[in-house]
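Pasting the structures in now, so scroll down.
In what comes next, chain A is part of two complexes: it sits with chain B in the first one and with chain C in the second one.
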Partner chain A sequence: MLELLGISVLALAALSAVFLVALVLKRSRLAREEQRRETLEERVRPFALALVDGEAVELPELSTEERAMLAEAIGRLSRNLTGDARGRIGRYFAGTSAYAAEIAALRGRRVWRRATAAYRLGDMACPEAVPELLRALEDRDADVRAAAARSLGRLGRPEAAEPLVRVLVDGTVPRALAFRAVLDLGPAALRALRGLARADDPDERAEAAELLGWLGDAADDALLIEAVGDPSAEVRAKAAGALGRLASADGAEALTEALGDRIYFVRLQAARALGQVGERAAVPRLLRQAREDRFEAARAAAQAVARVDPAALLDAAAEPDAGPHLHEAADLLRV
Partner chain B sequence: MTVLYDLAVVIAALSLAYFAALNLVYLVFTAIAWRSLARHLRARGHAADDEVFASPVTPPVSVLVPAYDEEPTIVQSVHSLLALRYPEHEVIVVNDGSRDGTLERLQDAFDLVPVRKALRVVIPTAAIRGVYVSRRNRRLWVVDKVNGGKADALNAGVNASRYPYILAIDADAILEEDSLLRVVRPIVASPDLVVATGGIVRIANGCRIDHGRVVDVRLPTSRLAILQVLEYFRAFLIGRVGWSHMNALLIVSGAFGLFRRSLVEAVGGYSSETVGEDIELVVRLHRHLRERDEAYRIEFVPDPVCWTEAPESMGQLSRQRRRWHRGLGETLWRHRRVAGNGRYGVLGLAAVPYFLIFEFFGPIFEVLGIPVVLGWWLLGDLSGVYLAGFLVIALLVGVVLSLAALTLEEHSFRRHRDGRDIARLVRFSVLENLGYRQLLSFWRFLAFYDLLRGRRAWGEMSRKGFRTVPEAPLPPA
Partner chain C sequence: MSELSPSPLVLVADDDPDILDLVRYRLERSGYEVATARDGLEAVRLAGELAPSLAVLDVMMPSLNGFEVTRRLREDPATREIPVILLTARAQESDVQEGFDAGADDYIRKPFSPRELSARVQAVLGRR
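So, the complex of A and B:
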């Protein structure tokens, strides 16, 4: 027993010493590393900026470490850039060992390395990486899929639109990321979205309708007006929201009709959209909805009236049966 | 006499068994935490926070701030909350019948005007006296109500909130700019699965604060607060990471917790029947979801930071710990059916029994164990060598666990940049085992008396306010 006590004391003392040494070593190593990175970054930063700005620059002989830091610095700059500057970044990276290393890592065994590679390929802006990233969209790990979706959005190639909407629909990539990635594609995604708006799967139709509200134009009005009559409530709501976002005057009639939808969140989206469209003819129905509908739909209706016809709102709020939503909207109008 | 002697031997044996088991659990959790945090750190290389921030479908959040006599810190806190980097959020301060100038300070700083706000009365609360919106920032709402306690104030906030997720935060807390974006990450990744998340709470005493932001992380000058810094490292970086890994997190800190609003409403909101409304809500959510066989996760996220003011006097710390322990006891009693019940999976078979035996009854073993073992030694039945051996082991285990947490912090987040701060923390890793831990156990032991007396009060917690950069004026909200 005494021996056991002695061994325990020694073991714990040794463990304490290990942690203490680890703490000291870690701290000094990290401090050194931080300083070295700062120095390296300072050295390569002018080259990174010159490359991004399209200045003719002759790179000096760089060490492996410096090349890696240059790649990292350019990658970081790339996150805030679009257009020509990104094109220059893509041309710089194409064929470099840094690009080849990330492509190889994307096929590697370690999950975190695959995910990091997928992420960095988006910053490298090489369109050649698209096929590999599309493959990574089907990776067994969620982090890798998410990073690939993000990078495909950054690369802005139209062939990524349909796969991105599909991962958005089947939920294999977080919705916020997949949605953002499709938006990042911009008009390049429109053709695919217009096709998907007529897909058999109601979830695909719903996502396509919502995205058209962000990326589409007046040419999409007819498609979206038709979608407001879709059998799926999700599609009807998303289409109503999209018409509002596009401020489609042509959609006002369909939206007013949607105020009578049996599903409350369709009514909610229709009311909100009518506020964005500015449809004065819908004000009496919006006022009724603000008095009688479920909480969120009523609030949306009251706020829509505040946008479309402030005077009508103030009059209605003064009536005895106005209800809390008209009171709130009227008070906010006065703030 | 024999009976008493036998009882003492039993208590001593139980105390030793408790001590061995508890530390074994801690060591296992330390190993789990190292692994989890290493994975978390690697994931930072591909975290798409900018994309989540820029996504129009990132879920909007209502930030709820229950405030009772928070005059010294409330304006700074609200500034920091309004400045959070997040695509869409509102801040709802619930003034819970404060007796000081909390409401007036808010009115002056944010130009509040009364609004007849439509409130969903999903959860009953004490009477609402008025609702205000800020003319300077329309995302700030203030609900003024009759005092009903923290849980009641949070419920009023839930009723007033517009968005599908609520973030409950203490009025004396300061969130870092990206904290909300980070704490919402698991929900963005799995919105159908993750129902609640919590971030890390760190101690702001000693730090320099500028316009609601921590700009310089320093250790407090108060020794009592430094001891709490270490304690928080252990609790969050080891305890919560471990339980979260097992999906059996019982505590999402009331100072910084994000919840799916519809679920909070479904279970009836925060309970005013306990002073541990945060732990009670989380246990109730676990029960609600497990009884319905629903897949879910409640997660701890280690990098979003909430800075808070720690008590610096013995009296305040004692009251805080007695209150926390009372809250734990009330929660465990209310959900006693869960303990050891296989129907609740790891919650019933591991988490609740652990909290019952080690956290709730722990102080009994710790407080009674020491005199009994000493008595045993005085009677000559325990050799001095064994006694010394056990005491040294107890000290070393405590030191190992604190150093492990400190190393973990240094390996991962490195908030304390000044090497002298780390050296002080190492010194306190030893010192805390020579009195502080025993004192905490004693205070928690006293909570049994409070429980038996049926004490319900929260106790006073006076605020010093944060150490701020004085010269510059506040920016427009």
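So, the complex of A and C:
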């Protein structure tokens, strides 16, 4: 019995030793690999910096591995850049084997590889990748769809705007990611957003109205004023918020009208927007809302008055029927 | 023999090595000397030691953010006059006003265009 126990202990000790040696070897292999990558990157980094900066660079003879590292470095650097630098990066990658490999991987079977390819194609800045990325936006895997949305935003092509708003609405890409992707498109998204602001689907109209508030300009005032009268309360609220963000003086009348909306979150957004627009004529209506409306809408109205006409707010807060929201806004004003 | 005037020294502070390299590369190509810092405290220290002609500061940095660095530069008589350009991410745009309140002269949104950065640096230096 004792002998058996001794053998077991020895066997366990031997196994532990083998395991430990294997771990040390693996760790040292990984460290060597990391060091080799760092050396490679150090060698190609000056070329990557010069290429993204637009210098005419005479590239030396590079191994396949160095070319891949150069592509990775350019891709990573390009995430921080806009303007003509992105165009140069795209022209560099177009037609290269690195670009072709990512396109092939995007059609591959392994999910992580498809997601990585979708991400890298955005960094490579080739507009030619847009049709493939639009297909990837319908991938069965959520990570691939998210990476494709991010890259479509980075590529800044107008044809991506509608599909991105659709995935924003149907929730197949997380809202924050899809929203950010449309914002990244910038003015390239405007035409599609203006069309979607009149779509049949109220959710599409609502998202388009909100995005127009971020990306639009005075040319969108009429469309957003119309949307403040939309049958959908969500659209009315988002349109009111957008008019406020654009500080649309033309929208003041529609926003004042919206203070009488039967849905409280429309009244809330209208009050906030009037504060941003700075509409003094709306102060009496805002004061009434601050005294009588539901908590959030009343609070927004009081804060709007504080912004538009501080003296009127302090006078109203001194009256006996002022209520908590006017008192709160007056206290904040005095701080 | 004519004496060449030295290139203006620009202090660049960012915790992202890629951005630090990109900014340094562009500014050196535009004829500036560049000193770099990886966090806010190092930026304040280098500004005091080197008296740069201008500082380009990331808003989100470890130890001290770009606003705080700007405030400290403005409080110290030795660094008060150093113009500051803030590098800010899109999501922080609402903080731009805070940057100006802290004493920044201009801001550049990330991701950025290297040519625009160079032009802004030139413009801010020209205003002083």
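Simple rule for what comes next: the second predicted complex is superposed on the first by the 306 of 335 C-alpha atoms of A that agree within 3 Å, B and C clash if a C-alpha of one lies under 4 Å from a C-alpha of the other, contacts with A are read in each partner's own complex, and residues count from 1 in each chain.
Quick note on the criterion: a residue touches a chain if its C-beta (ideal position, glycine included) is under 8 Å from a C-beta of that chain, and two chains touch if they have at least 3 such contacts.
Bear in mind that the values here come from a model prediction, so they are computed numbers and not experimental data.
Undergrad: With both structures placed on chain A, which of the two partners, chain B or chain C, ends up touching more residues of chain A?
TA: Counted on chain A, the partner with more touching residues turns out to be B.
Undergrad: Determine, under the contact definition given at the top, whether A:45 touches first (chain B), second (chain C), both, or neither.
TA: Only chain C is touched by A:45; chain B is not.
Undergrad: Where does A:115 make contact in the superposed view: on chain B (first), on chain C (second), on both, or on neither?
TA: first
Undergrad: Using the touch definition from the top, say if A:65 reaches chain B (first), chain C (second), both or neither.
TA: In the superposed model, A:65 contacts neither chain B nor chain C.
Undergrad: Looking at the overlay, does A:53 come into contact with chain B only (first), chain C only (second), both, or neither?
TA: second
Undergrad: Have a look at where A:33 lands relative to chain B and chain C in the superposition and call it first, second, both or neither.
TA: The answer is neither, since A:33 touches no partner chain.
Undergrad: For A:292, is the partner it touches chain B (first), chain C (second), both, or none of the two (neither)?
TA: neither
Undergrad: Quick one: classify A:79 as touching chain B (first), chain C (second), both or neither.
TA: Both partners, chain B and chain C.
Undergrad: Under the contact definition given at the top, report the residues of chain A touching chain B in one complex and chain C in the other.
TA: Common to the two interfaces on chain A: residues 79, 183.
Undergrad: Taking the touch rule as given, give the residues of chain B at its contact with chain A in the complex, in rising order.
TA: Those residues of chain B that touch chain A are 39, 42-43, 45-46, 48, 50-52, 54-59, 113-120, 133, 135, 138, 188-192, 385-386, 389-390, 392-393, 396-397, 399-400, 403-404, 406-407, 410-411, 414, 419, 422, 426.
Undergrad: Going by the contact rule at the top, pick out the chain A residues touching chain C in the complex.
TA: 45, 49-50, 52-55, 76-77, 79-85, 183
Undergrad: Which part of chain C faces chain A closely enough to touch in the complex?
TA: 16, 18-19, 21-22, 25-26, 29, 90, 110-116
Undergrad: Contact residues on chain A for chain B in the complex?
TA: 1-2, 5-6, 8-9, 12-13, 15-16, 19-20, 22-23, 26-27, 30, 79, 112, 115-116, 118-119, 142-143, 146-147, 150, 153, 171, 174-177, 179-181, 183, 214, 295, 298-299, 323-325, 327-328, 331-332, 335
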